[in-house]
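Each chain carries a letter (A, B and C) given by its place in the written order, and its residues are counted from 1.
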Amino acid sequence: MIQTVTVTAGRQGLMEFTHEVSRIVADSGIGDGLCTLFIQHTSASLTIQENADPSAARDLEAWLLRLVPQGDALFTHTAEGPDDMPSHIKAALTATTLSIPFTDGRLALGTWQGIYLWEHRLRPRPRRVVVHLAP
Amino acid sequence: MIQTVTVTAGRQGLMEFTHEVSRIVADSGIGDGLCTLFIQHTSASLTIQENADPSAARDLEAWLLRLVPQGDALFTHTAEGPDDMPSHIKAALTATTLSIPFTDGRLALGTWQGIYLWEHRLRPRPRRVVVHLAP
Amino acid sequence: MIQTVTVTAGRQGLMEFTHEVSRIVADSGIGDGLCTLFIQHTSASLTIQENADPSAARDLEAWLLRLVPQGDALFTHTAEGPDDMPSHIKAALTATTLSIPFTDGRLALGTWQGIYLWEHRLRPRPRRVVVHLAP
């Protein structure tokens, strides 16, 4: 079963959308199986991170912004703005695709795990995530 | 088919558990298929790396420790200790999930590839890895 | 369905092979499903990146080469040459496996997404990528 979810972050950074994925899995009627997420963009990515304390996501974002700053003299791919090339690098260092098992219609996430869209552009846009479910 | 493996590293760093995964695949009775691993933690991760010479795993660990040192003034998520936030970052930069094809009940790993738990905390704890197998 | 593709990059860096994967998916006769790629090497990796403007791939490569330079005094795993250990690190920071949904025999890639082999060694060698398809 394949469907697409559109997620829009309010700003550059991490935005949780575990709830949307959980609902698709629950509604599928497939009891046990594998849920694969694929983001159709190269300037945003996916990650599974701690969702108990929001400071973890904030620190993650701050650390990656410092590792891959805008305005690096190395960059030649700058036509779309100073946040374009850093976005591609951050996407390459994180995940384009995630596969999460589920049982009895529930994702087998750990106690403090949430599924996040990681928006790397300064002006967030709607991001399409393809969801594939199979037993 | 879904089951869970618990892996405990002796210390911070990489610990191979290829053998445990291979056994699950062999015992499943599914000849050809896909084996997906999902770690239910955000301060440990998964990787596939060279298992011929242990110096590769040691250098990997040393390099990542230097890239993401403890005590970074950027971190605000420090309630669980100085190794907490570096663990989340290292998990985000490596893999939470891996999918490995298998044929005739054997994982299609390359000659020198092994499956590793990457423990990022200073005090290792038992880590749960969910294993999903499908044809 | 499982088969193997061999890809050889002309030099260190990114080489697109979307076309080879698309053909396998189209020829499979499976309409909708999931295509999983697994690279059987630890000194080369996989990534999905922008394929519209080649400067994005060049900048990605240049940035990663600077992050993980040869000749780092930290490295002890140097028997195979100065590009050996950097290759393992770059592989660990990018992807060994990718899963891409497909519908009507076509990969659900975004408009500007391409599938790349990322060759990290100075002397490229033939790289085996296992392709698993399932509904």
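Simple rule for what comes next: a residue touches a chain if its C-beta (ideal position, glycine included) is under 8 Å from a C-beta of that chain, and two chains touch if they have at least 3 such contacts.
Every value quoted in this text rests on a predicted model; they were computed, and no experiment measured them.
Taken over every residue number at the interface, the positions common to chain A and chain B amount to under half, indicating a different-residue contact. A rotation of 120 degrees, rounded to the nearest 5, superposes the Cα atoms of chain B on chain C. Taking the mean of the C-alpha atoms as each chain's centre, chain A and chain B sit 20 Å apart. Residue positions of chain C touching 2 or more other chains, listed in rising order: 93, 95, 99, 134.
In the complex of the two chains, the chain B residues touching chain A come out as 2, 36, 38-42, 68, 72, 74-77, 79, 85, 88-89, 91-93, 95-97, 99, 128, 130, 132, 134.
Those residues of chain B whose C-beta lies close enough to touch chain C in the complex are 32-34, 47-50, 53, 55-56, 58-60, 62-64, 66, 93-95, 98-101, 103, 108-113, 134-135.
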